[in-house]
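Labels for the chains are A, B, C and D, by order of writing; each one numbers its residues from 1.
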Amino acid sequence: MANTDRIRLGMVGGGNDAFIGGVHRIASRIDDRFELVAGALSSTPEKSQASGKALGLPRIHDDFQQMAAAEAAREDGIEAVSIVTPNHMHFAAASAFLAHGIHVICDKPLTSSSEDAAAMANAVNDSSGLFILTHNYTGYPMIRQAKAMIEAGALGDIRIIQAEYPQDWLNTPVEREGLKQAEWRTDPKRSGAGGSIGDIGTHAHNLACFVTGLSVESLCADLHTFGAGRTLDDNAHIMLRFGGGARGMLWSSQVAPGNENALKLRVYGSEGGLSWNQEDPNYLWFTPQGQATQLLTRAGPGANDAAGAVSRIPAGHPEGYLEGFATIYTEAADAIRAVQSGTSRETAMGLLPGIKQGLDGMSFIHACVESSASDSRWVTL
Amino acid sequence: MANTDRIRLGMVGGGNDAFIGGVHRIASRIDDRFELVAGALSSTPEKSQASGKALGLPRIHDDFQQMAAAEAAREDGIEAVSIVTPNHMHFAAASAFLAHGIHVICDKPLTSSSEDAAAMANAVNDSSGLFILTHNYTGYPMIRQAKAMIEAGALGDIRIIQAEYPQDWLNTPVEREGLKQAEWRTDPKRSGAGGSIGDIGTHAHNLACFVTGLSVESLCADLHTFGAGRTLDDNAHIMLRFGGGARGMLWSSQVAPGNENALKLRVYGSEGGLSWNQEDPNYLWFTPQGQATQLLTRAGPGANDAAGAVSRIPAGHPEGYLEGFATIYTEAADAIRAVQSGTSRETAMGLLPGIKQGLDGMSFIHACVESSASDSRWVTL
Amino acid sequence: MANTDRIRLGMVGGGNDAFIGGVHRIASRIDDRFELVAGALSSTPEKSQASGKALGLPRIHDDFQQMAAAEAAREDGIEAVSIVTPNHMHFAAASAFLAHGIHVICDKPLTSSSEDAAAMANAVNDSSGLFILTHNYTGYPMIRQAKAMIEAGALGDIRIIQAEYPQDWLNTPVEREGLKQAEWRTDPKRSGAGGSIGDIGTHAHNLACFVTGLSVESLCADLHTFGAGRTLDDNAHIMLRFGGGARGMLWSSQVAPGNENALKLRVYGSEGGLSWNQEDPNYLWFTPQGQATQLLTRAGPGANDAAGAVSRIPAGHPEGYLEGFATIYTEAADAIRAVQSGTSRETAMGLLPGIKQGLDGMSFIHACVESSASDSRWVTL
Amino acid sequence: MANTDRIRLGMVGGGNDAFIGGVHRIASRIDDRFELVAGALSSTPEKSQASGKALGLPRIHDDFQQMAAAEAAREDGIEAVSIVTPNHMHFAAASAFLAHGIHVICDKPLTSSSEDAAAMANAVNDSSGLFILTHNYTGYPMIRQAKAMIEAGALGDIRIIQAEYPQDWLNTPVEREGLKQAEWRTDPKRSGAGGSIGDIGTHAHNLACFVTGLSVESLCADLHTFGAGRTLDDNAHIMLRFGGGARGMLWSSQVAPGNENALKLRVYGSEGGLSWNQEDPNYLWFTPQGQATQLLTRAGPGANDAAGAVSRIPAGHPEGYLEGFATIYTEAADAIRAVQSGTSRETAMGLLPGIKQGLDGMSFIHACVESSASDSRWVTL
């Protein structure tokens, strides 16, 4: 992948304090396929300027309408835009760019109301732009593997689908304690009709359908609100009937202590079963009917082409290895800037490994070789 | 972090087929602190040109000597360079840049011989540049947490340190079957005196010292080669005595089937114990003396500031979440380029979630709300 | 516990090929509180005689009616009886003994029909005998611990109860292939109205109620039969509403490949969460609201008196340790009988450890001490 | 197995406060192959009488010499004896019974001194009795399975054997706080030359040899004592060389917080690897070279005849299931004795499930069926 061909990207939302905007930006850089060149990151022109400057954005716009018009008018304007606002603004923002044929990458859920959803469908239909919804859990290698296995018949006829997505961060009334993430998620005006079901249940629903290739035909639900003063559900129990005869359950909750982000999917068929857990995403448990359960790992033996196509690193290096590695690089950047500003080398290095650790490693290797070569006597380093 | 302040980075090594060069490049992008602008990526000028062009590098050099001179002479020359060659070239390449005061980020182990190691120490000493060795496992949040806990006395006096790093990829003679990664690692000319002990044992050694703050004072080793025709160890058993009285064991192996990259560290002291496993890096198991074992998670309750300082995402979103997210972005880039080249939208979308999935999600939310509001009757979607 | 005070026990059902009868017999011996002295183990007098003789029963009866009368008439007659027949015979057998004031230990579920259940309640009411139903999963130490923790308020107000009991042994039509266990469980005449829901769902239901102290007030169910030709459910999805406002889900299945006997219970409240899995019964995961998750182990730190009261062995010795130990004893019995019959000692010992292993162990200890005392030189054994 | 053929068993040691004596007694009962009829359970005649009476032993002897003579003289005397004293008494006690041809089941390690060990070998040699050493961990089904798999060549040539047995109960000086178990284990007069290495290292050593069929040829050890005032090792690091060329490590420790009884064995060969952990004894992890890791379960698919021969219950019912079941029986015995003594039925039942739970279960089944049959409407119980 050559970075001479990076796609010019804009962003709407994702200013200071926003969680998902930063995630979108990192995600867009990992494979070096995008270059973020413009944005309207916050709800007022002043905040947008401040957030945009903090990120060093080349072009900072006051709002998304102005941004859509201005970028569309430039020859080197953005080719795509990420919409990372609260749900109730998805439609207005996305449709502004779609109208100009600019491709849209939009956070889920689609919108906060059915009316907006229908309008969004029309806007997509009328545009030449792509509309991509970031149901990001479909991007995990072992989810791709599971989907491919099911398509290839590894489970036979799908019978049972158990999906769950419990969290615990709303078990106390944090929306009344100033947590912005909680405020808009518990506000029906900004989130829409679904609480936990819209915020995370849609991920579980999407993942179940993505992996199995099946659609929900009907459902029977029991939504409930445990948090005092809340109007939207913070816990949902749902029974599902899928096309083709499969049955399932879906549980979403944001009040289940001990569950950080425990999205889990289990699929059972006439010929076998699969189990996957987002918190340990490199593993896929596969039981062929009547045989021992196998632990399939990303890039390990048994990993298929679908997993391989989206794997960046070898087996045993968990997704996350790259981030630990990145921390070394980022601290190196800090250290380099520090010495350039006159900080001493020793101070600048901080926790970074350097020549001392290198020499220690060499001594270690040679001591090992020397000890082993002398019938394992103790060698002093 | 503003990307107007990115550090200009060069790279030596890391051309086609190299594993670790690509890892360094991704790691340098994740936090947007570096910009790769120059390289001498391969062993011949022709290959370097080809590899550099494939990456879209602005400045492609024939070899590292020429690169060091040329970059040092430019006002906008590189500020730092990544050395990602086989071990035996580390010294020559690193010293060429250090001589110009260019900061060096070098893959481990330091060098392939003790002579080179000593010369490298001198080169670092004589330079104004930083020398950073990528003992990348020290970058994991829970490793930082463990180090900080031990410094704060959570384990009392350290008594026992059990480090192990088993792999299985050399259990068959893949170095004779054309696997480049295996060829140079089993060749003493390119790797030095240590086989598994140099390649991965040094990581385990470094990690044990990093986390505990202790140094190995003496060791007693039994290196062995199981693979026919090999001269370097592919399995190493080592007993360790640390400064301060702690005792330990270190096992490195590349012939242990079922171990992909199973770096594991356990530390025990008078007041408690810690256990960490690189393949599940978001977890740190902590047992305070006489109390129940606690599962500490990156960014969860119990995570300390040291972990927080290097965490990018909330609890329960494993390191790796960003990579799954990145896959969606990368496939979006592919899709955008495809429609720009005339591919139909439907074809271009491939596995990407889009408006259909968004509408499905909205239907799902509204069906849940409707069913729940009607005493949980079945609602058809 | 003195074995001079063992309770005289009889058994109805549990002849050759029966699974649960053997379990009851072993369970009754572990703490040496019962002595099995009489039985009517099979459906015909001939089979009862054969099964009784195979077990060396002192008194073998033709059927349970005759047994109840005869035992009640003896001064040293049985004090208690275990009913381990298929469900449809529970009432007739149990009531025959209750009528004589003989205590009844009965396998679950209670009966196969509502009429029998009501009659059983009357029989218990009219008798001086105890009626004990073997919901055996309530006997696990960590289940007792969980119940006591909830009673003590460790979870605050109970909000969510997720119970599941998947198995996979009916995923193929084994009831048509001669498996007796499957035949009667899939036969409504012998099992009653519930398939998986009666066989295992009742265990999950009972466990949820036992641990939380709550009762199910209403439920909403979707039972389904995946196995061709079956009339009873082999998969059940149920939503639950408990007294006091808690909500829950229960899933029972016998067609979920990869699940052997995966009974699992999770309980969440305003102040914390608990999770327990029958296949790893020595562990209880506890998350106090806002704190790190703790791994509580049977007899480990954090185990409470309720767990301690039903623990036989120290922490880290899993339940099952006693059975591994018993295997050594049982093989010792075989070996003793074999040498008594003229088999050579060497042959009789089989896999049993003996003097050779003892001497090996002594050599090992002394070699360790000698090596360590001589600066860790290699010592030959 | 008919209990008319039970072996008459005696016991030496195992009085009040002893841990392992009770384990031996339960183990001897589980399969109903022994009947405990005589004992000299403590170090003085008075204590022996008290302990024997508490157990209801038919014949209580003052000491083991008198017991051996008296039992040998009876026609119905004991056929076998369990020796469960501290290590230093093993030889004297065992040889007294061997001299009469009485079979001996002896706790490990063999003796506390090399002299006693040699004398024990002679005593065994001169006797017609069997000598069985309770290396009980060899009795686990998945250990039998592992041994059989290795014999059948599933791992190819054995290369690496990693054994470890860490505990944490001696991390504080409990031997000075009145804990009898700790007192004799840290006393060289009663334990012999090995501390952790004798108490638990011998188990790890025995298990490694049992499973692989190999013997240790030489070793290189570093024993250490961390606990102040101790003379015997409480931590041992050992490198091993086995016959046939395999290399290994063994770690035993009693000062590693967080490890309750964490005996673990890993074996790697040219064709695959195996891993087993005593705290989760029903699982055996198997990696055939180049294939996905399989989770083999006791009695599940992939379990072999060697495991099946020592399994009492089906897959998914962990070893320990029988003990949970036994708790119900034992509480039933308590309840029966209580009502016989005039306690009310309600009080006597305590936590035991009874008719109420049975009726609840029936209501549950019928509510499920009714709800499901009425398009999943909520049904009140």
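Things worth noting here:
Everything that follows uses one rule, which is that a contact is a pair of C-beta atoms (placed from the backbone, for glycine too) under 8 Å apart; a residue touches a chain by one contact, two chains touch by 3 or more.
Just so you know, these numbers come straight off a predicted model, no measurement behind them.
Set against the Cα centre of subunit B, the chain with the most distant centre is C. Across the two interfaces under comparison, B-C and B-D, the one joined by more C-beta contacts turns out to be B-D. Centre to centre, using the average C-alpha position, subunit C and subunit D are separated by 21 Å. Centre to centre, using the average C-alpha position, subunit B and subunit C are separated by 48 Å. Distance between subunit B and subunit D, defined via averaged C-alpha coordinates, is recorded as 43 Å. In subunit D, the residues that reach two or more other chains under the touch definition are 220, 222, 224, 239, 241, 259, 286, 290, 293, 297, 300, 376-378. By the touch criterion stated above, subunit B contacts subunit D in their complex at residues 159-160, 162, 164, 168, 171-172, 220, 222, 224, 226, 235, 237, 239, 241, 247-249, 251, 253, 255-259, 266, 268-273, 275, 285-290, 293, 375-378. Against subunit D, the residues of subunit A that register as touching in their complex are 220, 239, 286, 290-297, 300-302, 376.
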